[in-house]
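Each of the next two complexes has subunit A plus one more chain, namely subunit B in the first and subunit C in the second.
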Partner chain A sequence: MNSIGTACNDLKKEYDTCFNTWFAEHFLKGNSDDSMCAPMLKIYKECVKKAMKERQIDVKEVEKDILGTENERKIPEQQGR
Partner chain B sequence: MRIWTSEHVFNHPWETVATAAWRKYPNPHNTAVIGTDVVERRVVDGVLHTHRLVSSKWTLPRWASKLIGSPSVCYASEKSEVNPSTKQMVLKTNNLTFCRFIAVDETLLYTPHPTDPNKTLLKQEAVVTVQGVPLNSYMEDALTNKISVNAGKGRQAMEWVISKLNSEVQELKNSAVKSTDEILNQTMKSFDDISSKAKKSFDDIQNLRSSQSIPDF
Partner chain C sequence: MPRYFEVTSIFNFTWDQVAQGFWRRYPNPNSKHVLTEDTVSREVKEGRLISKRLISKTNPYPKWAERFITTKKVFIVEESIVDPKTKTLVTYTRNLGYVKVMSVIEKVVYTESKDHPGKTVAVRSAWIDSQIKGFSRAICAFGYERFKKNCNKMVVGFNHVLLNLFPPQSGNGSLHQEATTRSKLKDAAKNASEHVKSKAVPIYASLHPNKS
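For the complex of A and B:
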């Protein structure tokens, strides 16, 4: 799977590989220490943030909670009910 | 507004399904998804919180694109929580690009099957809302139908990823290589020869479906 930023692809692959191992071999077995892949995640995340900015994807909108908050779309009130 | 719900049972333990869920893309069933990126990820009180940006290429009916335009790439925000002690994995996705007219909110919940720990239950819900567009109820129907079709593809995709994971584990056992380096290499390798395995797994699924007469979704 690719990243939105082609420049981030190698960083993403490296991090994903680490994460998949960590998730199955450590996290699911009760070890929640996530320092194993943290350095890779940091560099990869910075690359993604930059790529999102270049594509004008609003980071704030991405980070906004929708479901279960007042931002969630409600059923419009219908007339005559 | 249209609400679509579905339940599905995977014949695999929760740990296998949760691991596969992270590796769902790329797969030959949902080729629309072209990218996934982690925006934020952290462990809080033993629960893994992840926020991902999912990039996909949508194909709407031509009349629908005429009404709302057809952006080449759409972005969705996916927030998830994995709790290994209660064995719950929940993913909530909402689209970003179409927000002006169309809201698609989807929730996936993976839990162990209540009576069989070797199985996993998937509960899926999608809410489609179209506003400010003529024929909005037709649009909602069209999108809900699309979600229904895609959900079936999503389940096939999960089975495909799980079979890929299982074959990787088997390969590792056969080669009797246990070092972390080798595991990493094997995983990298599996990314590379995805196309050949994709064809094989797809054939397997086809055979499975025809032999067990699983209905088409």
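For the complex of A and C:
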């Protein structure tokens, strides 16, 4: 997949490759040390943030945490559930 | 009138495989509308991986919606938590912008199947809402039908990616392998559609208990 910023495409590819290896070979096997791809993520994230700003995307809105907070939508109560 | 929708699908892959495939589910033959995908943040907290991704899609609207929506491109924020200890992957996606016109929130919980070892269960919930006076009911109905229709496509697309990443272990000849993969793909697609049994329930707005 492409990045939102064409300038970030190479950084994204490099990071994604690193992440997929880390996720399968380290994280899922119980090693949660994420320093392996951290430098790549840092540069790539900065690039994406810049691209978001250029496209007038509300960065604050993107960065909002909803999952795991009380703002998460609740599954409605249903009879027989 | 907000509407709620829930559907359960089963993947013929282990939870570890589904979790790996989740990050790589685009592109797939059913994701031509997905334009870009980016990681916005990611960290490990108490052994759980917490990520946020920004996805952009084209999303054609019907003609009557053009008065509310002038862009064909939508941004989606996807939050996720992976817990390798409990083997749980939870994803939560919401659209960015136009939330008053139509807000689509989707939560998917992927867990190991208790009944079928080696398979993964995905429970998908969706909330579709609109705050446009006079049109909210039509918009919700539209969003609800479209979401329902797209559910099966999403599952089949994801299955396609999983089959490519984790081809079934059988046969020695590559030809045989390929044939098996192809037929398995068909089976997976069939299996997926069979398991998409919707339990669609319209929710009446608690704000308007007297209206239905």
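Structure notes:
Keep in mind that, in the parts below, the second predicted complex is superposed on the first by the 64 of 81 C-alpha atoms of A that agree within 3 Å, B and C clash if a C-alpha of one lies under 4 Å from a C-alpha of the other, contacts with A are read in each partner's own complex, and residues count from 1 in each chain.
The rule we apply is simple: a contact is a pair of C-beta atoms (placed from the backbone, for glycine too) under 8 Å apart; a residue touches a chain by one contact, two chains touch by 3 or more.
Since the model is a prediction, treat every value here as computed from it, not as a measurement.
Applying the stated contact rule after C-alpha superposition, one finds that A:N2 touches each of subunit B and subunit C.
Of the two partner chains placed by superposition, subunit B and subunit C are both touched by A:M52.
Of the two partner chains placed by the overlay, only subunit B lies in contact with A:K13; subunit C stays clear of it. Judged by the touch definition given at the top, the superposed model places A:T21 against subunit B, while subunit C stays out of reach.
Under the contact criterion defined above, the residues of subunit A that touch both subunit B in one complex and subunit C in the other are 1-4, 8, 12, 15, 19-20, 23-24, 27-28, 30, 32-34, 41, 44-45, 48-49, 52, 57-58, 61-67, 72-73, 75-76.
Chain contact summary for the complex, subunit A toward subunit B: residues 1-5, 8, 12-13, 15, 17-21, 23-24, 27-28, 30, 32-34, 41, 44-45, 48-49, 51-52, 57-59, 61-67, 72-73, 75-76. Of all residues in subunit B, those touching subunit A in their complex are 1, 15, 18-19, 22-23, 25-26, 33-43, 46, 48, 51, 53, 55, 75, 77, 79, 82, 84-85, 92, 94, 96, 99, 103, 105, 107, 127, 129, 131, 180, 183-184, 187-188, 191. Put simply, subunit C touches subunit A in their complex at residues 4, 6, 16, 19-20, 23-24, 26-27, 34-44, 47, 49, 52, 54, 56, 75, 77, 79-82, 84, 90-92, 94, 96-97, 105, 107, 125, 127, 201, 203. Contact residues of subunit A toward subunit C in the complex are 1-4, 8, 12, 15-16, 19-20, 23-24, 27-28, 30, 32-34, 41, 44-45, 48-49, 52, 57-58, 61-68, 72-73, 75-76, 78.
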